[in-house]
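Chain naming follows the written order as A, B, C and D, and within any one chain the residues start at number 1.
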Amino acid sequence: MNTFGRNFRCTTFGESHGKAVGVVIDGCPPGIGLTETDIQPYLDRRRPGKSPLESARQELDRVEILSGTFGGRTTGAPIALVVRNQDARSGDYDALRDVFRPGHADYTWQAKYGLRDHRGGGRSSGRETLARVAAGAVAMRCLAPQGIEVSGRVIEVHGTVEPEAMEAEIRAARDAGDSVGGIVEVTATGCPPGLGDPVFGKLDAAIAGAMMGIGAVKGVEIGEGFGAARMFGSEMNDPITSSGFASNHAGGILGGISTGQDIVVRVAVKPTPSIRRTQRTVDTTGAERDVSVEGRHDPCIAPRIVPVAECMLALVIVDALLEQRKYRG
Amino acid sequence: MNTFGRNFRCTTFGESHGKAVGVVIDGCPPGIGLTETDIQPYLDRRRPGKSPLESARQELDRVEILSGTFGGRTTGAPIALVVRNQDARSGDYDALRDVFRPGHADYTWQAKYGLRDHRGGGRSSGRETLARVAAGAVAMRCLAPQGIEVSGRVIEVHGTVEPEAMEAEIRAARDAGDSVGGIVEVTATGCPPGLGDPVFGKLDAAIAGAMMGIGAVKGVEIGEGFGAARMFGSEMNDPITSSGFASNHAGGILGGISTGQDIVVRVAVKPTPSIRRTQRTVDTTGAERDVSVEGRHDPCIAPRIVPVAECMLALVIVDALLEQRKYRG
Amino acid sequence: MNTFGRNFRCTTFGESHGKAVGVVIDGCPPGIGLTETDIQPYLDRRRPGKSPLESARQELDRVEILSGTFGGRTTGAPIALVVRNQDARSGDYDALRDVFRPGHADYTWQAKYGLRDHRGGGRSSGRETLARVAAGAVAMRCLAPQGIEVSGRVIEVHGTVEPEAMEAEIRAARDAGDSVGGIVEVTATGCPPGLGDPVFGKLDAAIAGAMMGIGAVKGVEIGEGFGAARMFGSEMNDPITSSGFASNHAGGILGGISTGQDIVVRVAVKPTPSIRRTQRTVDTTGAERDVSVEGRHDPCIAPRIVPVAECMLALVIVDALLEQRKYRG
Amino acid sequence: MNTFGRNFRCTTFGESHGKAVGVVIDGCPPGIGLTETDIQPYLDRRRPGKSPLESARQELDRVEILSGTFGGRTTGAPIALVVRNQDARSGDYDALRDVFRPGHADYTWQAKYGLRDHRGGGRSSGRETLARVAAGAVAMRCLAPQGIEVSGRVIEVHGTVEPEAMEAEIRAARDAGDSVGGIVEVTATGCPPGLGDPVFGKLDAAIAGAMMGIGAVKGVEIGEGFGAARMFGSEMNDPITSSGFASNHAGGILGGISTGQDIVVRVAVKPTPSIRRTQRTVDTTGAERDVSVEGRHDPCIAPRIVPVAECMLALVIVDALLEQRKYRG
């Protein structure tokens, strides 16, 4: 399944070292102003190679709109966005052709499909998220006129929460040929109450699925999240006053439906599985091998998850907004 | 959206104090032995009123199979399961007709739909999970012959992890007219590798959506979960040996696809929002009110979430199994 | 797949001789007045046993609303409708347990699922359409306030078009232990322009799928239909004037989207496959058998298709109306 | 909705005079041999400008595979296929910018979306079918190893059935600045029994939806089709013998499920709406206008519908094949 969303449906395609990565957005409302320059800044934020703490892969990641707009506005037709791959140094991966990298999808993809594009993780590469970000940029264009904004940041790296300490952790891991995990928080402001369905289309369930669907994410929480498990009901419940909710332990969602408060989501990001340190693994014949993943990798992927998580949240919200319109007068 | 699943599609219906709660399962393979006695034990486990620490609502919760079986076996036709409500003391809720209970879906349902069945939470009641459990029981019948088993337990209540301490916490909360949260862990054993799709149909994403879709759940994690954010890559990555994975930090899923190891999921359960202690809220006119929720409520809902979470995991797995069959030879 | 519709989703269940037939409607807007008395007249129109030219099976077909309404209005929750089977003379079918009736789904169901409920056709019985009619009745309740009405009639039986001649054809077929086919025309008036999607969600494609999905239907046409194949473009094209379209050869749909004119659909109904005349067939062992289908059957099923076709058209239109709302301002 | 299929999901995009037309196929099984040269012949068959009786638009229609294959085989990842537009003489359409061409989607698209790409019909152009044909070519690659073949032909033009007479009708219409309709028949051989679902996923319903979803198609029939309405049951029912069905009036489908016989479908194609003869219409201000559609158009579109109808049938069958696999042992 390579489609996300019920109303604002995004179908992504492309492999890390194939010809291109892209997305088709089906269900975008007509009349939204949209050109490449609206999308490009989001891709630039996500792009690797911007700092010494990130992968050195150099991609311009220039997006092209192939369809769905006319005169700079969306028409209601599907919007195809394509980014050509350029700096795909597939040769880096020749040594890994027959080896299952620990912590990656190599083994499981092979188990599922019986063959795989080993170059850079193929379809399971983080590069696929480029397509999600492109789609998310279009979602943001739909949300802005409604006064809805989404923003995220890294709030923790390897247990530290101060910016300088976080950066030091990443640097130390890189120097040790290792990697570290972190936590990203994403917040949406300006959402109206009423988004989300009460049973299987809960807004928080959609968010959880969207976030856990980002590679490297191992946990998702809304509002107090796991902290709620250690609270009393009298602490957790948000009192309601004539001027609105008095607190937001719920993270903006009750019974699966938005309350109108900020929607607050946190995701746990595991350490980048690609590390230079030697690891034990097997090859496709089952023989044991030692592997050191050279290539170009981020020692902490959390910072680059930020724009992806923002975009996924934007996609969930725009989808719920369109859904909600069906049931208005 | 009241349907769960793409292949083993479960559509639930019913309100807490309406005539019945039920589910239609579409996509169950033919030839599975199935009678009411296969389903009833699951409903009995979920049923309230079994201990003084649970809601005292007395429901026999007798399930009836209305369709989809012939001679005690499934036929491939949709399976409709219905449980009639009996001990619905709607009068308990008359005082709450116009009041939004804090921590409940009352306010958000009203904001979304403009009218609501206030009796016992209506459609947003935990009683709806009865239908999920009935469906999950059928899923379990499909999984058993494949050697797949699902089981769960409460691993933490209000920060305590010893069974006696957990029970004491619940008792203390009840006596104080309050409630407490907890953590439930669910494990699936026997899953083959290859379940789940690599991008938007990730097995962990489906699990996260399923779990966050249970009322009161505020967080979900797989394997090391939030702990992964505090680890090095060299700790988190599971080495692969010729006899299989050497550890299971991943919780049985890599790149969204099952590895063949145990699938391990934990969910954070918030304290039951219905508490006797007085809370501030507003009524449907916006006027401020004090509310004390009497009725019959569990001071900690985590134990009753266990069978629901098990069933949701079973539903996700059977759905992925059917999906996977499409791409075999 | 037992669900129809993307927005107004109807999941039907039940077999001809099982306990009940029913439907769950998910996606009905809230606030629609709905009680059993709104639905019953539609079921009564569809009910067998009303004339000597119809099956003599006697069913009261009393519908019960199990969920989704409160105080006589829909709440936005799924609406479960159930009709208990009563006059199921399964014994009539004992002789047919192992025989594949020609023209029925007996052989193909067995080929697909490996086992089947042979009683009265099981799930493939025309009795399943009762659930569609119940759902259609709810759809009609949604359409009426929009000024949309759907009505149908038999326009041809066995090549004759005069009412008396049509009745005579049916009578003659019945007396000969045979059956005859016919054509049903259904029209929707009052549809706004703009319903339907331009590519794969075309309104006419949805109608064609809905109609061909009624058992016994072998052809569907819109507007001029097959007649269009014999026309010039200058005849077929409907001129547009300042007061609207000057003709309606298109049958109310252009490019898959409603024009605002009447939507006109015709369906070809094959002769009822159950006939008393002896036919050649095989049993489940592959041995050749002669079969005469006794039981209680309509010698021409076209009249009883009328309410079903009306309801399917209503379901398609209400679904398109909800879809269209997503893309308004 | 720009996606077709449940298992072999094809999402098309692109406008007649935009940058490109394409499709993303999600759900194609892994391991299928696939390169551009497998797809190109299908596009060449569909391509305009091959005879004086066809549109003179000159497009090379070169397909490029952007993703989803590795080493010439499908990997299970989504397959993106793109064809760049080249000979888009949008200037031809300047005069039509504000005019609704009779028989086209111009008026209805405008009514639906409020704005439109007027150039060559934009998204509603027949050029979109290029994407369906590209997807169908991939479907054919999946069907061939199963021994399933699909082929079609024009069997009637403007009421004539002899090849020479059909060609003469087209020529005469062209010379008169007019157009004519026709009938296309498509047959699938080699389908196993058991494809299709008995209620809403009927194989014939899926076919009807697929065919009516082709622009210009106004009617669909299976097997005897509308002829069945004029038959006796004793004529229409196909007797079953120990060596199989003795006839195929059903067109290969009973109760919505394939019988194993040839699947036979006919579609009614209306005359091309673009004609040189003057027609009455209105412009976007509602003012009456006379219009003569110059441009490059086929006087009878039926021949060019043939590969499209073949491909849609192939897509329906491959989708049903994948669906059916879920319910095998």
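Basically, contacts are C-beta pairs under 8 Å (C-beta built on N, C-alpha and C of every residue); 3 or more make two chains touch, one makes a residue touch a chain.
Since this is a predicted model, take the numbers as computed values, not measurements.
K.L.:
Go through C-D and B-C and name the pair with more C-beta contacts between its chains.
P.N.:
C-D
K.L.:
State, to the nearest whole Å, the distance from the C-alpha centre of chain A to the C-alpha centre of chain C.
P.N.:
44
K.L.:
I'd like the Å distance between the centres of chain B and chain C, where a centre is the mean of that chain's Cα atoms.
P.N.:
Chain centroid spacing, chain B to chain C, equals 37 Å.
K.L.:
Mind checking the centre-to-centre distance between chain C and chain D? Centres are C-alpha means, answer in whole Å.
P.N.:
From the centre of chain C to the centre of chain D is 26 Å.
K.L.:
Scan chain C for residues touching two or more other chains and write them down.
P.N.:
1-3, 12, 27, 30, 76-77, 112-113, 123, 198, 327
K.L.:
Going by the touch rule set out above, what shape does the chain contact graph take here: line, ring, star, complete or other?
P.N.:
complete
K.L.:
Mind listing the chain A positions that touch chain C in their complex?
P.N.:
Checking each residue of chain A against chain C gives 7, 27, 29-30, 76-77, 198, 322-323, 325-328.
K.L.:
Applying the document's contact rule, which stretches of chain C touch chain D when the two form their complex?
P.N.:
1-4, 6, 12, 100, 102-109, 111-113, 123-124, 128, 156, 158-159, 173, 178-183, 193-202, 204-213, 215, 218-242, 246, 250-251, 253-260, 268-275, 277, 279-282, 286-288, 302, 324, 327
K.L.:
Across the complex, what residues on chain D touch chain A?
P.N.:
1-3, 9, 11-15, 18-22, 24, 26, 30-31, 64-68, 70, 73, 75-80, 82, 112-117, 122-123
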